[in-house]
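Chain IDs A, B, C and D follow the sequence of writing; residue 1 opens each chain.
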Amino acid sequence: MTEEIFQQFRDWIDNRHEYAKEWKERTNKKIIGYLCTYVPEEILYAADMLPVRILGSHEPPTVTEPYIFAMFCHLCRDCLAQGLKGRFNYIDGIVEGQSCLHLRQTFNAWRLHIPTNFAHYIHIPHGIQNPHAIPYLAQELAKFKKTLEDWTGKKITNEGLDKGIKIMNKNRELMRKVHEYRKLDNPKITGIEAMEMVLSSQMVDKQEHSKLLNKLLEELPNRNLNRNPGTRLMIIGSEDDDRVFMKNVEALGATFVIEEHCTGSRYLWDDVVPSEDRLMAIASRYVNRVPCPSKDWPEFTRIQHAVKLAKDFNVQGALVIQNKFCDPHGIEIPPLREALKQVGVQTYPLEFDVTVPWGQFRTRVEAFLETLTGLEELF
Amino acid sequence: MSEKSKEFWRWREYRHTMPNMDWHDAKMVTAGVDIGSVGSKAAVMLDGELYTYAAMRTGGVSEETAVKAMNWAIEETGLKTEDIHYVVGTGYGRVNVPFAKRTITEIACHARGAHYIYGPTVRTVLDIGGQDCKAIRCDEKGKVMSFLMNDKCAAGTGRGLEVFADLIRTPIEELGKTSLSVQDEPQPVSNTCVIFAKAESVALLRQGWPKEKVSAAYHLAMVNRIIDLLTKVGIEKDFVVTGGVAKNTGIVSRLERNLKLKPLEPKLDPILAGAIGSALFAKALYEKEIGLR
Amino acid sequence: MTQKYPIEPLKIWNEAKQLRGKYYENYLAAHELGGLRWAGGAWSFSAIPAGLGEDVYSITGEPHGATIAFFKDFTAKCHDAVEAAGFPRTLCAYMRNYWGSILLDKYIQADGNVVDEHPVPDFIWQDHICCSHAKWYQVARWLEEKKGKKVPMYCVDVSVGYSMDKPLEDYKINYIVQQLNDGIEWLEKVTGRTYNDKLLCEAVWNEINATKIWAEICTLNQTIPAPLDEKTMYSLYVMGTLMKHRPECVDIYRKLKAEVEDRVRRGIAAVANEKYRVITDTQPPWGFLKIFREMEKYGVVSLGSLYTFGLIGMWKYRPDGTWAPKDLPLEKPQTREEAVKMIVEWTVDRPEWAHFYLPEVKTKMILSIVKQWKVDAVLLHYNRGCEGLSVHIAENRHGLVKAGVPVFPFEGNMGDEREFDFPGTLARLTAFFESMGLKKLKE
Amino acid sequence: MITAGIDVGAKYAKIVVLEDGKSILTRANGIVGFDILKSVTAVSEKALDGTGLKRDQITRIVATGMGRKAIHRTPPINAEEIVPDVIADAKGTHHLISTVKTVIDVGAEEGRGVKVDENGKVRDFVINERCAAGAGTFIETMARALEVKVEDMGLLALKSTEAIPMNAQCCVFAESEVVTLIHSRVTKENISKAIHDAMAGRIASMVLRVGVEKDVALIGGVAQNPGFLPPLKKELNTEIIVPEHPQYVGAFGAALLALEMEGHQNE
């Protein structure tokens, strides 16, 4: 049963486009593609639409060369490539919540070169540590809401917003509960499974996803993975959906017990705290959530959060990955590694590209594992 | 073979057995096989002392090379593979050593091998092999503390030197010496890419630079890249160089000059560090197996 | 070969050079002069700290990063230090230059003189629109802290967007205004000084004037032959990046404008054999400005760029569709409220901010320059050192090609010479000129 | 009138001798060694050998290619003029295929994409920068790792049964990846295809920067490699014409330009 649930997550990812097309057929509702997790999906659910995250396919993206200079990160190029290749031709619109320049470029290229009916850019504030950010964002969200209403001709009601908030909160809460099982000495789910759970939640109807999560939570207490967990690893960095890498590393005798990035725990860590002013409530969630580094200043709050995760999940070592050319995350690598070192967590840096050269990486990861735990008794 | 088709990059293969040692006297016979992308090395140790070894070029099929290197190492010693208690494979082709019981990365093995070759004062090991270059920090037992490998660009490796040796028609063993014969160091070639560094060298040769000078420029560029890597991991004394390129004096003496730090002199062939390290791990693993640890 | 046009060196050159040198010295000597010093970006609202007193000196990161880039040996050391500290080499090159000098604990002045000890600022005052802006100083602060020096930092989020055809909504302007108001209180707190609103009003008015005059100077380059070339402009626009709010800046730009007007009147050219007019885009590879000399050998003059025009200069579209210097506000501000609002409204129209959001705006502005400045071709620097100014650059290329403008794109890096292939680029550039029918002029 | 074009490439020198811009009297190629002048002289002697032609019967020589400067107004060749590769490429290809709009030239160390107008003039162009993985050398390096002759690489690729993605884009790391593939018992045919696919991807993404407009032609030495064309077509999603003797097109274009220049001079 548990295996079937994880198989379902995998199938959803592998067949994300088929799923979406079928969903649309079935419900006759609109689908919105979004690029960054700063897009408040609550409002899209409130508008009775299905938000799906646009992610790459890890094929070398030759088609983007005319639109994006190759010094921008592979994720932003790979995402655009999906659009240019028509793989998202079913979406009714695209929305971006301001994060890094890289994805902004993808958004603009998409808007200019790929036929879509609706394109909206939300100027999510960068100064999330200043007190004016929340009211400002609430106004930006009001504008977003109005643009949606004008487009569909349908009002987004308070009830709708409540529904949206509930759907999102529920899904995040359930996934956090699953994460509790990763804290165990012998975790009940592997890193790749956790990644597939989170990734699939960004691709399908959250209500359907939550149903499955409920089942999973019933099953998990009785699950026995029958595998030696090996070294407890953490993975930190830019967006990461490289399932091949995760699988390969875990096969070397390790388990990813937690990750800090936006296809992992960062996506589900914070909830909307309901209040009368719904948009203020949503705005607070996006300003106060575990931030993307591009917004995290003057204090390094994300680093503090990563350190806390490392302790709570009892990690032995961390892989710090950087998507090549990703500036916001790249800038923080030394302070991050130092902060982890101070709490006794060793780190190893790896630079990711659209595909990872596993041959080269394997030796490094294996050697890192050896330095952490592997060879102690042989000296 | 005509001068024209002579392959200057082909470094000499060799084997050696220590005199005055007899494997029959040993309690533990262990071996390490290091299948690198360019060179394959096998070493057999008796109770943790180097007994016999071989170094040869890696062929098209790693399994065959592994068998060949091992057989060559034990040739004429009377030792048979079955007599070896434990074999550890390492290097790029470590999973392709059919008779190895376990694999360990070349990073751990080089550190441990360096510890054996150079003694317990070693803290920084620089391994320059065929296709990569590793900077390793280790403790007094030869255990890895941290390490870094060169990324993306293969410039600054043994393979690049082989390409270059062919280009200037100088046997690889003499390449380093040739590069040291110039009076003043020229500007390094600017391109760090192996392919373009070669193209740039061609351009310099066409401008009439003597090959010694071009060679110096090429070596210097490599050394600069290696130093970049070393500073990232942080250099601490004592510093040593292992891997095949440790035999290239053009690289080692420039490292010494530019780092203002003298690497220790090897007491044994430094290309063997990986194989020796894995043979030592093999010993520890065997001890564990028979309950000695 | 006889020259087509008369040339003359700029009279103001030395004065400008001295002013710039002085600026670097003052920053270094700020404490001896009894004053304060702060660090921040070239785009930060530098008029605001001016209200702390006349003895506040600043250093701005981008021009400082460029100065470093100009001296290749020092740059190389900076980059090595930054990489050794574990930062990726793909980050903003100016930022890496700046961090590098902190790590090396060295300070390089405009003339290349290197002194020991990187002067620690009393506070950091920055704004944030590019991913690297606030992060730059956050890390700078972290690096100082590791050396035991705590530097307070304030940073204004200006990432509210830009609209081409209608002004920004009030709540966006207000968001910035509120942050600046808080900033003033913060400045009082960290410096212990009382804030002087009169000085603020002066500084705001200076900045508005300086940035408008710069745009007017750029407009004079519409003349054939061009009185200024881009290489010269680099040395002059820098005042605007360092001290746009100061009276010296207004003063020197006034003088410069008068001189350039005079050159126009007398037909003095920047390049004697001007035959072909180009503009560039984004910062040049600073270590390789000699590329402009190579261009002159083909009779090519570079008139500037959206970057040199629009980083400091303030522009607006006129109702007739022409791109022209922005009109001054009706009168000088009298109160803190007026001053803060005025500087925010003035600044959000900065052309170099607009293109962060909409590639169409940048393309439109470049096309206006092409038309109004009678430009024959555009050289696009695909700058690996600055993601901020090369964002959307491929789209701009598209737009220009579509409009029938010849474009020469080249890859490089404004501050990391390892990423600029001079001979290769030169070979391609001359191929480009030759394909445009130009020939190397006989010497 | 007899004119000639010499294309002094990174690896090969190519010479074409042309009568009245119509008939090719002779043509030859040869490796460029350290001494460019000597190598090119040898190639031109080879070209003239047996034709009875002498240097002084050739009215004008135009040189192109990376090493063109070495023979510019330098005896014994004394090329009167030099032009950049892209101009010669455009001219030569346009003459052979009058409908051509995009020319892709892949040589030993450089790949180029050239947009051509209806008169054979360059409208726009792009040249690969900094990484050697988008040129002939790439395949040569891989051929060595596979222990196969370069000329056979393409045919091998055509016999592949499976598409295998290659990660490493760099020549040298690709070489080690090839070794890994060999070790995992992937057939030489499939590896060879992977190599050609990777290179086609690189060239395609470069050419896409200037845009692809039909008709598209592929020239340069690598155009003789039959394994390269199919993946390039696929990547660019277009038909591609390979003219006869693609390696000589640049030299041919230079010879045509020589004739044109003569014409202008006599006017």
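To be clear about the criterion, a contact is a pair of C-beta atoms (placed from the backbone, for glycine too) under 8 Å apart; a residue touches a chain by one contact, two chains touch by 3 or more.
No experiment lies behind these values; they were computed from the predicted model shown.
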item: Among all chain pairs, the one with the most C-beta contacts; value: A-C
item: Interchain centroid distance [CA atoms averaged], subunit C/subunit D, Å; value: 42
item: Separation of mean Cα positions, subunit C and subunit A [Å, integer]; value: 36
item: Geometric centre distance via CA averages, subunit D-subunit B, whole Å; value: 39
item: Numbers and ranges of subunit B residues touching at least 2 other chains; value: 92, 152
item: Residues within subunit A bordering two or more other chains; value: 65-66, 351, 359-360
item: Of all residues in subunit C, the ones touching two or more other chains; value: 86, 394
item: Arrangement of touching chains [line / ring / star / complete / other]; value: complete
item: Touching residues on subunit A, where the partner in the complex is subunit D; value: 59-60, 62-66, 70, 355-360
item: Subunit A residues touching subunit C - in the complex, by the definition given at the top; value: 65-69, 71-72, 98, 100-102, 104-105, 108-109, 112, 121, 123, 125-127, 130-133, 136, 139, 143, 293-294, 297-298, 300, 322, 324-325, 327-328, 330-335, 337, 349, 351
item: Sites on subunit D touched by subunit B in the complex; value: 10, 34-36, 70, 109, 130-132, 137, 141, 147, 170-173, 175-176, 179, 182-183
item: Contact set on subunit B toward subunit A in their complex; value: 92, 104-108, 132, 141-147, 149, 151-152, 281, 284-285, 288, 293
item: Interface residues, subunit C side, partner subunit B - complex; value: 80, 83-84, 86, 418
